[in-house]
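What follows is a pair of complexes built around subunit A, which joins subunit B in one and subunit C in the other.
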Partner chain A sequence: MSYVSSRPVVIGLEVHIQLNTRSKLFCPCSTDYIGKTPNTNVCPICLAVPGTLPLVNDSAVALGSRMGLGLRGEIQKYSNFHRKNYFYPDLAKAYQITQYGLTITVGGYLDIEADGKPKRVRIHHLHLEEDAGKLVHPTADGRLTGASYSLVDYNRGGVPLSEIVSEPDISSPAEAKEYVARLRQLARYLDVSDGEMESGSLRVDANISLSNPGGSLGTRVEIKNMNSLKALERALEYETERQNKVLDSGGRIVQETRLWDDAESVTRSMRNKETASDYRYYPEMDLAPIVITDEQIEEFKKSMPELPWEKRARFAGYGLSKEETAILTERKELAEYYEAVVSFGAPPARAANWVRMDVLRVLNELSRDIREFKVKPETLAELVKYVEAKELSGTVGKEILDILAREDVPFDEALKRTGARTGRLTGGALETLIDRIMSANPDLVEAIKSGRDKKGGKLKFLQGQVMKETKGQADPRETASLLSEKLV
Partner chain B sequence: MKMTVDRNVTLRMARAAQIRIPDDQVGHMMDSINDILDFCALVGDLDCAGVPDFTWKMKRLAPRRPDVAHEWPDRDEFKAAAPTTDGDFFRVPKINAEE
Partner chain C sequence: MEIYEMTAAETAVAIRAREVSASEAVRAGLERLHKYEGAVNACVTVLDERAAKRAAELDARLARGEDIGPLGGVPYIAKDNFCTRGVRTTCSSHILENWVPTYNATAINCMEEAGAVLMGKGNCDEFAMGSSTENSIIGPTKNPRDLNRVPGGSSGGSAASVAAGYVPLALGSDTGGSVRQPAAFCGIQGLKPSYGEVSRYGIVAYCSALDQVSPFARSIEDLAIAMEAIARPDPNDTTCDAYDRPVFTEALSMDNLKGKRIGVFAGFEAEQMDADLYKALTRAGNMCREAGAEVEPIDLPIAVKYGVATYYVTALADASSQLGCYDGVRYGTHIDGPTLADMYANTRTESFGEEVRRRIILGTCLLTEGFYQNYYGPALKVRTRMSEEFAELFGKYDAYLLPTVPSMPYTLGAKETDPNRMYLGDVFTVPISLGGLPGISMCLGFTDGGMPLSVQIAGPRYGDAKILGIANVLERMIGRPKPCEPRKLGEAA
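Coming up: the complex of A and B.
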């Protein structure tokens, strides 16, 4: 159970999202760095060779603007870049090119729902900046302690990021987790980023404080190094409890940056932070300001796809529950798959069940993404229609789906393998079969007729025999009805 | 007005910048900083009245490039020019802030 804070919790988040560009923010080096040999995606610009000049990637500006619009922010027609100086070798320039003051978008909000309650989190601004390289510490555990030097890989250095800074509107770790989940969903819907926290495409820095008795804000602590939504929530829960305990024991909170240690489930103070953070921002003279025209803003607005909350509202129109729409719209690709199934004639409610329960089950079993799912929407629609018309039982339908998802076979072949045929067994043919099964089980028939089947297990066995013989083609209701009539 | 730093100020600057300077190199670092300060004093003597400040005043379009990736042809030259490397990595001083 989550820790319950005795003081109001105030959280603001800074979320860094790697933008889906092919090349870096200021140079043509590839952004595809995962698994690459260190220092191969580098050039004189991202290695800060003297005499080189940065040149802004047009797509990064477009994607940043798009994300800002998705957050209902306002695109700034005029923004610029600054140099953020810091003494750390993960950028070869010894400064980071970032936006400061005049950012690409300002304002906006994101509506979330946590613990069943709606919440609006306001956005302060969104800015563009370059990512840093990665430091590797040559010690057995990869930590800095014990290292006498560090190694640096600049492949990631210069990859475009959009940093989204929220207002301190978040009131609990659960809300923080939900906010980031919705932000990630938005980034994916907009094709702005893959939003994978585990690979570092999305990173969160959290500022957390506890309000004082008079309502004024308490001392803020920044937390870094959370690599999953779960880690974010756990780190904030730990920090809430830690700060409460410090205050309860008469102590005071120190303004500092703390790192989340996932293995130990604690936050730890970063040394020397109290003497750092003078970034000496000043305008980046190598880059002219970014000017975005009214025409470009209109183009960005026109190119916006349907957003998650719009899709949820539309799916609700299909008669789906809140839970169903939430699951189906979580990933844009899944929502599109579902809509395609419906467009091929599957009833919306039935199709929702199949996609939500069976398609996701199979994908989970195969550890695959919906984009890798072998069953085409038209095939699933056909399957759903057969089951809906009771020409196939639900059980056989699931069996067929399993075969189609695992093997490259046409629908007819999968159907053949289950031994089933489309076409509902009913009426006289079904009655004949029931008679045969009853004849083969005289003891059971006698027991049921003489009232020795109080729990109904014997009747269910006979029904099961009918379904087995017909490979699920018999209508269960009609089978039950005919058996009941004959066994009175 | 010309400024100078002494040995103590040099060590305080090193601490603020989170670097450690071996004792036998403090003097060299102090001289280097004083050279920079001398140059600043020289620049300070220039008459800059009427010269605009360095922020951009014109709302002109910054040139942007299309999002096309390509490899730099000779990447080994960077490692060859680096003071120290270790395999595919550049080797850099340990920074304490993360510890």
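Coming up: the complex of A and C.
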């Protein structure tokens, strides 16, 4: 159960989103670094070979602007880069090129829902910066001390990130999780990033403090290393509890950076980090300032797709519940799939049910993304229509969906394999089948006729046999009435 | 005339006319070099075989009737902070003493395209930090005009190579005077182009905001030819302007200064500088007047008063960040230690020289919280004010004359103990750098004792061709400097 803080919790988040450009922020190397042999996705620029100079990737500027606009921020017509100086082996130049002061967008907000109520989290700014490489430590605890050496891989060095800094408007770990989930959704809608936390495309640093009784802000602690939304929430819950306990026992919160240890479910102080870091920011003279014209801003605005909240509002018109809407609009591709099914004539509520329950179930079983789903929206629409018209039973429908999702076969072939056929089993055909089932179960028939079926279980069994034989194609009511007539 | 006495233009013409082969030109340069290098010590690396091979290739192409370029077969020296593929590039530092780049600086590629032959890598102050070419792993370069004296710096090796007649042309880099001051000390011509005129790609950086590739020669015409080769837009350097460059040699057709307005710097007391150099400035002003220009005294109060302080704040801050990449991890000298911090400290303390360490520490301090607001921030503002002062000036004048240096070349070791005195030697060159302006230091003859006299001609941003034209008029009046037989003054020549 989540911990209830006795003091108001104040959280501000810095979210790093990897922009899905093809090349790095300042050189032509690919951004597709995952799984590559260490130090093969590099060039003289991202290795900081003497004499090289950075070149700004325009599409990173465009994607950053787009994300900023999605957050209702203001694009700055003039921004520039700074150098953030510090020594660490994963930082080839010994400085990170980042924006500081004059950033690509400023302001904006993101609306989330907290405890069923709307909540607005204000955005301070969005800036562009380059990612660092990765250190590989031979020790398990991830620290340099104790290891005789470390290895460094620069494949990720220079990959473009946009850092979104919120105001300290978040007041609980659950809100923090919701904020990041909405931010990730927005990034995905805007095709700005895949937003995968597990692979590091989305990283969150959290600043958390507890307010003092008078209402003044408490000492801020920075938490890093949360690799999932769940970890983010748990780390903040742990930290809320830890800080409350420290204060309850008369202690003092130390301003520091702490790392979340997911296995142990604790945050730990990063002892070897200089607490009062001075990054000696100063302007990057190797790069001309970024100038964005009014025309470019207009183009960015024109190219904005329908945003998640706009889609949610529109989906309300389909008569869907809030929960259904939330699930269907979580990923743009799923929402688009759903709308396509509807556009092919499937009734919206039915289609929503199918997509939400069955499509997601199959995708989950296959560990696939909706973009890789084999069943075309028009096919699913057909299926939904058959079931809706009782031409096929729901069970057969699901079976057909399972076959179509796994194999490249036409609809008719899938139908054939289920042994069912479209159309309801009724009248004479149904009667013949019932007679056959009755003659195969003479004991039961006798028992029912002689009144030894008080609870009706035996009749139900016979009905079940009919449904099974017909793959649910028999009309249950007609089956029941025919059986009753014959068993009198 | 001996081959080594020829200018780059003359050499190229002679080679194209088949009067001299590229191989002969390169051989003459190498012979000259080997004759005097023991005394001058101008080159970190000499490329005997490579240069000979390239010259032979050019001769073969010429024999096939191909165009080998405007500098076809002309040997040149590049300062050892230009990246050269397959040729070690040390920046005169232990930290890069065995470093071999995998790519060429854009300027090197441009020179190759123009047909020039790289003959060696010029000695310099470590990472271009210094004004005497004494802070180097190969020891000091000596001034060929008087081997007891420094050649100036930081591009002293390139300057000395041209003065001693190894090559007619050399490349250096000028951040606060590193080409103009050694040109003045060695009695040759040097041009620091406008910032943004020549690509910096492949120049090991000292200060990104000010560094500029700059040619040395013994004639203004050669500087113009070199500019035609190297001044062009470069997609690898976003600070290199994309505009269409003028044909620099066309500016040389001007044969007088009629209609030109030239300001002569008068903002200092005569006793603040060497008397002969002061007289040279006056003489240069008179020559301009003789050539038909309107000449007036001018002052640059902000630039001269705050220039040196602003320059050192700007350059040292940048240097401290720029040199962070030499951490012993990816390239260069690596000296291990028990911890990561020890590895950094060992590598950097043992592999950087004293002046470089001093500048890194000062620069780091200047960017630190608190200091930034008092030093770096104001320096940026002063730069803006200075640019305004220059803009106003160039609204009225086509060019202005000022000294390149306040003193004659000093003797070796004289300023090693007092860096402040050395920094003040940059008083007339740094304002031009901070303004992003072009500046030529040209030789105005020699003292009775045989030491070179010089004057600096500065122009508006991207007025490089303009000042080359003006300098060329003056050079025609006074004659161009000749290569010298390196000697110690006082000894029999």
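Here, the second predicted complex is superposed on the first by the 433 of 488 C-alpha atoms of A that agree within 3 Å, B and C clash if a C-alpha of one lies under 4 Å from a C-alpha of the other, contacts with A are read in each partner's own complex, and residues count from 1 in each chain.
In this text, a residue touches a chain if its C-beta (ideal position, glycine included) is under 8 Å from a C-beta of that chain, and two chains touch if they have at least 3 such contacts.
Worth saying up front: this structure is predicted, and the values here are computed from it rather than measured.
Judged by the touch definition given at the top, the superposed model places A:L287 against both subunit B and subunit C. By the touch criterion defined above, A:P50 lies against subunit C but remains apart from subunit B after alignment on the C-alpha atoms of chain A. In the superposition on chain A, contact is made by A:P89 with both subunit B and subunit C. Of the two partner chains placed by the overlay, neither subunit B nor subunit C lies in contact with A:G319. Using the contact criterion defined above for the overlaid structures, shared-chain residue A:P38 touches subunit B, although it does not reach subunit C. Put subunit B and subunit C next to each other and count what each touches on subunit A; the higher total goes to B. According to the touch criterion, the shared surface of subunit A, contacted by subunit B in one complex and subunit C in the other, consists of residues 44, 47, 49, 55-56, 87, 89, 144-145, 150, 152, 283, 285, 287-288.
Contact residues on subunit C toward subunit A in their complex (touch as defined above): 81-83, 89, 91, 96, 99, 101-103, 105, 200-205, 207-209, 235-239, 317-318, 320-321, 324-325, 327, 329-331, 339-340, 344, 364, 367-369, 372, 376, 380. By the touch criterion stated above, subunit A contacts subunit C in their complex at residues 44, 47-53, 55-56, 83, 85, 87, 89, 92-95, 144-145, 150, 152, 278, 280-288. In the complex of the two chains, the subunit B residues touching subunit A come out as 15-19, 54-56, 58-72, 75, 78-79, 86-99. Residues of subunit A that touch subunit B in their complex: 21-23, 28-32, 37-44, 47, 49, 55-61, 78, 80, 87-89, 135-138, 144-145, 147-154, 259, 270-273, 275-276, 283, 285, 287-291.
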